[in-house]
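I have a structure I would like to understand better, so I am pasting it below and will then ask my questions one at a time.
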Amino acid sequence: MAESVVGASSYEAMTRADVKRAIVRIAHEIIERNHGVEGLAIVGLQRGGTWIAKEIADQINEIEKTVTVPFGALDVSLHRDDIGIRPVSLGAISDIPFDLSGSTVVLVDDVLFTGRTVRAAMEGLNNYGRPRAVQLAVLVDRGHRELPIRPDFVGKNLPTHHGDEVAVTSDGVTVTPVSEASR
Amino acid sequence: MTKTIVIKGGTIVNRASEQALDLKIENGLVAQVGKNLKGDVQLDASGCIVASGFVDLHAHLREPGQEEAETIETGSRAGALGGYTALVAMPNTDPPQDSVAVIDFVREQGKRAGLVDVVPSGCITLGRQGESLAPMAELSAAGVSLFTDDGSGVQDASLMRRALEYAKGLGVTLAQHCEVAELTKGAVMNECQCCTNLGLPGWPAIAEELMVFRDIELVRITGAAMHFLHLSTKRSVELVRAAKRDGLPVTAEVTPHHLSLTEELLASFDPVFKVNPPLRSMHDIAALKAGLIDGTIDAIATDHAPHPRRDKEMSLDMAPPGMLGLETALGVVLAEGACEVRDVVALMSWNPAKIARIDDRHGLDLVAGAVANICVFDPEIKWTIDPERMVSKSINTPYVGRNLQGRVRHTIFNGATTVVDGQAQR
Amino acid sequence: MKHLLSIDELGLDGLNALLNLTDHMVEINQRPVPKVPALRGRTVASLFFEDSTRTRLSFETAAKRLSADTMTFNVSTSSVNKGESLRDTVATITDMGVDVFVVRHKSVGIPWQISEWTKASIINAGDGAHQHPTQALVDCYTIREATHAKSFSGMRMVIVGDIKHSRVARSNIQAFSMLGAAVTLVAPPTLLPPDVSHWPVAVSHDLDEVLPQTDVLYMLRLQSERMSQGHVPTLREYSEQYGLTQKRVMNLQAQAIVMHPGPMNRGVEMQIDPSDVKNSLIHRQVANGVAVRMAVLFELLGSGSNLAGQA
């Protein structure tokens, strides 16, 4: 875990209402982009992305009403590229109770940072079938990509320093800048 | 004219005296005991005990047959470093010491090395097979006075009775390795809670005690002299104590490792701790120590059993039993604090010399005219053993990392120095 | 965690961590493609000095599902008669670049000895009559899966048979009691170790008396050579007193579980087909074997729990 110095400079980047609005907007954008919900599946990344994915799925179901979008959760710990380099703490267990083959999967995570988690997730998805397409929705894009990965749906673009900490909950998004000197 | 040696500044321990005097050696004998003696060579003995050289009743020198583990020369050197001037060589060589030719060979090799008296023991049964008697009269005529099948006990009670009867006629002593083999098949360690946990076949105390009991009763009806090798259990000590009370001609020894190490060490799975008889419990150690103090146990003998490194890198069940002892015996015994320094001299020199019947030249009081077989040791010094620097050919010592107390400074064999300042001279 | 050698060295926390990790591995095994790249580039060598196709396949399958490379060194005990070759073998295979050795040997303590001779991790896949920790993990996981209980507190485990020569019994006694169960051993005195007074167990020689108070009935295999060694007079007499018969099954409580580490000696300790027993978990034991061994391999090689030690 990064040594952090929580200073008085910690600030709220999104309020509870901002988060809710972003989720509603993303749900609409997903339906719009995919011309409906047929063949659509929502998969949240354990653990931070799961609750957002669930809210997006509920929102879509409420908008469309006619169908229920399949919802799953994926733990990517065992697909990561830093196994053996960094201690691994496994998240909640993956739970994808349907075949992904031929569907359009929207991966959902809380924060998009280096892109490595998303890469691991795309690999993990293939264990459950071969999706027709994979799209990516994130609540916060904080930059600093290390892989050629780009989100399709973004709640908020949030410029940060590399070492800053970004905390996302349903109550809002908080950024804690970490001074370079302390690292 | 040989050089004279003077041991200066030590305390000479004899049976009836303890005196801070110098000791002068000339022509292989103790020439003079007194104050401010001068000689060609002076050995500093300040803070040291000066006593008759140690006698080991139980050394496996491995030659002939297993020279990879030890030779008579390397074993003799290890003995000299341990303060010994005589070693009884165990007969489980290859070929075994059951013929005059082998006995003579062992004795000659001992003389060639010239570091200690190598006293060959003879087999009780031919080839140590436990089936028919070895030519004990021939061997006795060749100078053997202690017979044993050590490594195994004579299982057949009838044969053992004949052996004792025959030995009585020859006036020699039989030494028994007490182990009823049927009870120790595949055994690796003492039968105890620890062996229960480890799932290792146990070596029950009764396997030793049954044979101690049987042989005491055979001694009772034959009247032959019997020496019990490496006793390891409480009940064995009790049996021998009772036999001595009955006036039977029995003697007994214990090893330094059975006085200092316990069964739990096997939980490390290091075969260096595998030995026959096995390491027992604290309970047994206490009984053995009590036996030392009340005279039930006559001698401390090493059961020095070298094994090449690769043999001790096998699994516990495959590895051969046995551990080194000659270089560490004194340090272990004094570190255990089981008895007084003069008792140590009795247990390691005076008594074993008598049992081995070499008390005409070993285990003597250090007075003018005595053969100069002498050990000078510092009873207080603390030290640890480095297996790579031992002079034995093997390194299977269980005492790595343990604190020892008491170390040999000089050893004199037949009037010549074999060890000076803790260094082997040849 | 550097090695998995015995249940008591693993400890309760380690045991629970591995059981929790097994939940993840069970999920992986249920995927259409049951394979993750977690141990890519790592090499697992199985060093089996005693035949056990089941355990070896279970480990090798586990390694492959985590994308590790596997090597098999299958030695019949007869061809290895000198310890020197064992040390040389280990050194040679280590030089090929091995991260973990899975060791099965008829001699007690070999995995500990090997751990002194190599930098690789060691998993004890059974040493003599001493320990078989992965079997105990499998059994605990299987009971946990069936009962949904993370603690075995209040459970009454009964282990029946050749305790004396059983590494499975030694590991399971430790694991079951660590998790809070009350353990009873049922065997003739000749098949019990010389002194179990310090073990956290009760001992009985009467299976019928114990059966009605049993939550988990764990049957051990009886090897036929125990007869020639004088441990039991005849297999018939043994199976009459200690075998699981239809009549004995009837005396079990309705929810009682029956287990066996395999391979079974039908007609000896198992006089009935396990599929005839309502709550037999014998097939779950086999199925969970792979997931448990995945958890162990991942904990040793992938979890990064050794990183702190290296720093």
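A, B and C label the chains in the order they appear, each numbered from 1.
Basically, contacts are C-beta pairs under 8 Å (C-beta built on N, C-alpha and C of every residue); 3 or more make two chains touch, one makes a residue touch a chain.
These numbers were taken from a predicted model, which means no experiment stands behind them.
Enquirer: Taking each chain's centre as the mean of its CA atoms, which one is most distant from subunit C?
Expert: So the chain farthest away from subunit C turns out to be B.
Enquirer: Taking each chain's centre as the average of its Cα atoms, which chain lies closest to the overall Cα centroid?
Expert: Checking distances from each chain centre to the full centroid gives C.
Enquirer: Where the CA atoms of subunit A average out and where those of subunit C average out, how many Å apart are those spots?
Expert: So the centroids are 41 Å from each other.
Enquirer: Taking each chain's centre as its mean C-alpha position, how far apart are subunit A and subunit B in Å?
Expert: Centre-to-centre distance between subunit A and subunit B: 77 Å.
Enquirer: From the mean C-alpha coordinate of subunit B to that of subunit C, what's the distance rounded to whole Å?
Expert: Result: the chain centres lie 45 Å from each other.
Enquirer: Show which residues of subunit A lie in contact with subunit C when the two form their complex.
Expert: That would be residues 75, 77-79, 83-88, 90, 93-95, 99, 123-124, 126-129 of subunit A.
Enquirer: Can you name the residues of subunit C that touch subunit A in the complex?
Expert: Interface residues on subunit C, with respect to subunit A: 21, 23-24, 27-28, 31-39, 42, 66, 298, 301-305, 307-308.
Enquirer: Of all residues in subunit B, which touch subunit C in the complex?
Expert: So the residues of subunit B touching subunit C come out as 188, 191-193, 195-200, 202, 204, 268-270, 310-311, 313-319.
Enquirer: Flag every residue of subunit C that touches subunit B in the complex, lowest number first.
Expert: My answer: residues 81-84, 86-87, 105, 107-110, 112-113, 128-131, 165-167, 170, 193-199.
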